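The following pair of complexes shares a single chain, chain A, combined with chain B in the former and chain C in the latter.
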Partner chain A sequence: MLDTIFIGLSLGSVLLLVALGLAITYGAMGVINMAHGEMVMLGAYTAVMTSLYLGLGLIAAMPVAFLVTALMGLAIERLVVRRLYGRLLDTLLATWGVAILIQQAVRLSFGLAFAGITIAGLGPGLQNVSLPEWLGGVFSVAGSEISVYRSFIILVSLLLAALTWFLMYRTSIGMQLRAIMRNPQMAAACGIDTNRINALAFAYGSGLAGVAGVLMAGFKTVFPDMGTPMVVDGFLVVVMGGVGSLVGSILSAGILGQINGLTAAVSNDIIARAVVFAVVIAVIVWKPKGLFSYKGR
Partner chain B sequence: MLTLDRVDSFYGRSHILHGLSLVVPERAITAIVGRNGTGKTTLLKTIMGLTDRIAGRVALRGRDLTAEPTFRRARAGIAYVPQGRQIIPDFTIRENILMGGFATSGRSGRIPPLVPRLFPYLMENLDRPGGVLSGGQQQQLAIARALAAEPSVLLLDEPTEGIQPNIVEDIQNIVVRLNAEEGLTIVLVEQNVAFARSAGHHFAMLEKGRAVASGPIDQLTDDLIHRHIAV
Partner chain C sequence: MSINRRHFLTASAAIATGAIAAPTVFSRAAAAADSIKVGVLFSQTGGLSIVERSLTDATRMAIAEINASGGVLGKQVEAVIEDGASDPKTFNEKASKLVIQDRLPTVFACYTSASRKAVLPVFEKRKAALFYPTYYEGFECSKNVVYTGAVPNQQLSNFIPWIIKTLGKKKFFIVGSNYIYPREMAKVSKILIEKNGGEWVADEYLELGHSEWGSMVNKIKSSGCDVVLSNVVGDSVIAFYREFKNQGLSHDKLPICATVTSEIEIAAMGPEYAVGSYTSFPYFQAIDTPANLAFVERYRKFVNDPKAVTHHALESSYFQVYLWKQAVEAAKDTSAAAVLGAIGGQSYAAPGGKVTVEKENLHTALTPRIAQWQADGQGKIVDAYPEPVFPLPYVAYGETQQNLFCTPAGLDAAKLKG
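Presenting the complex of A and B:
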């Protein structure tokens, strides 16, 4: 039982890292970033590449992946999203286009051959990252075998969620971002450089997704389409938790991860997915603005 | 001196201000009067750069602000107290005030000494959420937030609208004091002609997005009011 709960928690943790970025960009800027899943995928590929070429382990790959995907996110914000603020549906279409572009570029480069040169160890687009030995085992608690790596995922996610909370609630930049989330016009009228803060938030959220990708690379196959279901799941978390609520995102990531893990344990992954969708639909019918919505005045 | 020179302002395709020119003298209260829907609020939003498109020229002490984004205008010394107050209900009172400080150069994080003198009630409740305040207290909070920006020009949009009568006079006194004691230049959008006349030094009368009359406050005659405001 405990091991099943841990699987659910680790699924929820990865989901949380993906959803935090979406919660920030959707909540603060009203941007639906469909390319967010591709940040997960790029993060996972960064883990593959750094281990192949630099011999870096999974842990060292995390900051590298954060940087790579944060810069990528910054570029997307500067080149595409910045021109589309206030046009929700256009951001969805444009970032979806960006997502397809990144996906196909990765498929072309790594899936078949890299500029005509086949790279050893890179098979037909499917990769894996080997775990360091100390992360690979299991330990037993109260008679249940618990995977060390799953615990590690939960720990990293909690640390990053705590860091995000600190940045949002204890720093000047976080306060500016929260002001933009509540009232962008008034925030600007108070002297807040909304463009700069938005770009930073976009980059930070992308970076978190990149780290989520590294963590996923440790227990899943890395392939070019791996980000697509992640962006969908991420939005489920944000919508169920309530747009603009950090607590809501954390809670709903936990709930959805747990439902996914438990259902998968008693039946299979396909049924688990159906149950997750059903729960989200039920919550939205019951509370259209999500579990923790901002009520205004 | 804040000047608007033949300014047109738009929301989407709606053309709200038409060739509006206005001179706001330093250290004076300029009252903006006119009927509902003549563009008084839009005038303030235009000065702040919050409308969709602006043509013409908006300048503060000779510095052209027409193409500047809103946050630069705020940092240039213009603070805005909008209609409906627009404080942030789930920010604490302290956070609401400090939010204004982002317009100052690196001095955010400090509540200016003026605020405790004017609004002792706010200072006693710094850690409560802004949303629990009454309308009048929220108006005071919005003014405190604007003052945290240490502005030279204060834009006030109907500061006494929708506020319980016993606080209306308080707020009117504060507006007069901010000008008289702190030397703030104030642009005051006001429906209450009696207050506009008693507090204002200059006035501008708007009708259908145009300035139809302006000058020293004693030129705001009954005849003018009858023609442009009275129904």
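Presenting the complex of A and C:
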């Protein structure tokens, strides 16, 4: 039983990792960022590349991935998203286009594949990152074997959630961001530089996705399409938790993870997936704004 | 300028004659050219391109070798290569292009069952010949397809008894991706497990491409099984083996015995996650014969990659071109009907040993082998059949060599029901 709950917790933490960044870009800024999954993918590839070329381990790759994807997010915000604020469906299409661009860029080694040049670590193939010794294996708790790496992911995702909460609720930038979430026009009228805050928030959300990608690389397959299914899961969490609510995202990630884990244990993974979707649908029928929502833009 | 009526008529007549004559002139020119054209259709782009490009390369290499040694019927072979883009619909369109527009009688094509099913109507309607190199689930009996990969009985008929007798494992946990191939493999496995005195404790599936294995591996742990039979495919394989090790399971005590995990997947996951597990295939890169060593050497030189790996479908892609050559030479004709008529009974000394296309069902007799994965990412052959095994595409439904369902007359549907 303990290991089933643990698996559920672990599934929830993986969901939370992806959803945290989305909770900011979608929740706070009203941008449906379809390229979020690609940020996860880029983070995972950063882990592959840094271990291949710089000999860095998984832990050291995390800040590098954060920087790489945050810069990428900043560029996307500047070039594409900034021009589309308030046009929800347009952001969906535009960022989806960006997602395809990024995927193909990785697959074609940034276009060098056309010239017959291949970069080790990129390309259409499957990549992997090896775990440090101390993160592999298991430890025993009350007769159940618990995976060290999954515990590590739970820990990191909670730390990142705490960090995000701190930034949102205890810093002046966070306060300005929350003001923009409630009412962008009014915030701008009060002298908040909405362009700057939005750009920073988008970069931070993308950076979180990059860190998530590094952690994913430790136990999933790294390949150009890996981000696409994750962005769907991420949106499920954010929509169920309530757009713009950090606490909502954390709780709904936990709930969906446990539902997934428990259903998979008593029946199987395919039914578990269906049950997760059913629960999300039921929640948004019952509470269209999600579990935790407030009036915003 | 005035156009008088007579001039106009002559001119139109000339154009009309030209138009009618043109296709004949064109096709005569094509026939007169000193080359035989064949189609090659695998994915050059998209998710499956990593594997399918290697199949294209193996096909091209066989064609290049044949050309270097004088071609077929004294003519050079020319490959018309199209890209299926990892998408069954594109496969169908490109197959139509090759068969209908280019009028190619023979096409070497397809890796997945989904793409094969998508192109099948084109080949059957136009009576063209398809050479299909992948191991697949069976349950097909087309007179227009030459199947050169393994069918379930060629991967499992030696594997299951060997697991039970040699490894001494009796309780199977069957796990696969949720689509036709793993489900058919599971059916055959269960028949064989029960026949050999073992039992299966679970038969579980995950979505294709699923990479979250936490729950499943946990279930395997608590199921009380002593061996895992995996029919998991694609990138899920890598996540599965990694989760398996990360949750503290070891192949020494609880080995994964797989039907799809090849050299490619092992390289992608990192060999340390697979050391000690088993796979059953007719061909492994590690087959230690001069013919195979030379083949691996030639392939690496051909693709200009000293670390390139070879695998079962790749070897089939290579030798099926030679089988086609033999059929053409036996019939002295390149038409599809001639090739399909002469291909039955053709034998070839492939890198992995002798292969024979069986007249009855146009599937290929192959030698099943079992390998244990080593730290260098290569399989060590631990068991091999003494001779090639007859292919039985309907073995899950009770087909035996004495009672064939798929015969030159077509599929005997009555037997399938009974």
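The rule we apply is simple: the second predicted complex is superposed on the first by the 277 of 297 C-alpha atoms of A that agree within 3 Å, B and C clash if a C-alpha of one lies under 4 Å from a C-alpha of the other, contacts with A are read in each partner's own complex, and residues count from 1 in each chain.
We adopt the following convention: a residue touches a chain if its C-beta (ideal position, glycine included) is under 8 Å from a C-beta of that chain, and two chains touch if they have at least 3 such contacts.
Since we're looking at a predicted model, the values are computed, not measured.
> Since both structures carry chain A, what do chain B and chain C do when superposed there: clash or fit?
fit
> After superposition on the shared chain, which partner residues are touched by A:Gly261: those of chain B (first), chain C (second), both, or neither?
Touch status of A:Gly261: second partner only.
> Should A:Leu52 be classified as contacting the first partner (chain B), the second (chain C), both, or neither?
The answer is neither, since A:Leu52 touches no partner chain.
> Given the touch rule stated above, what does A:Asp193 touch, chain B (first), chain C (second), both, or neither?
first
> Looking at the overlay, does A:Arg182 come into contact with chain B only (first), chain C only (second), both, or neither?
Touch status of A:Arg182: first partner only.
> One more residue to check, A:Asp269. First (chain B), second (chain C), both or neither?
In the superposition, A:Asp269 touches chain C alone.
> Go through the superposed model and pick first if A:Leu158 touches only chain B, second if only chain C, both, or neither.
Neither: A:Leu158 stays clear of chain B and chain C.
> By residue count, which of the two partners contacts chain A more extensively, chain B or chain C?
Of chain B and chain C, the partner in contact with more residues of chain A is C.
> Looking at chain B versus chain C in the superposed three-chain picture, what is their shortest Cα distance in Å?
Shortest inter-chain C-alpha distance (chain B to chain C): 38 Å.
> What does chain A use to touch chain B in their complex?
Touching chain B from chain A are residues 172, 175-176, 178-179, 182-183, 185-195, 294-297.
> Going by the contact rule at the top, pick out the chain C residues touching chain A in the complex.
So the residues of chain C touching chain A come out as 45-47, 49-50, 178, 204-207, 209-212, 214-216, 218-219, 221-222, 235-236, 238-239, 242-243, 245-248, 265, 268-270, 272.
> Would you pull the chain A residues touching chain C in the complex into a rising list?
The touching residues are 3-4, 7, 10-11, 14, 123-128, 130-131, 136-138, 145, 147-150, 219-221, 223, 225-226, 229, 260-261, 264-265, 268-270, 272-273.
> In the complex of these two chains, what residues of chain B are touching chain A?
Counting only chain B, the residues touching chain A are 48-50, 69-71, 74-75, 79-80, 82, 86, 88-91, 95, 98-104, 108-109, 131, 145, 149.
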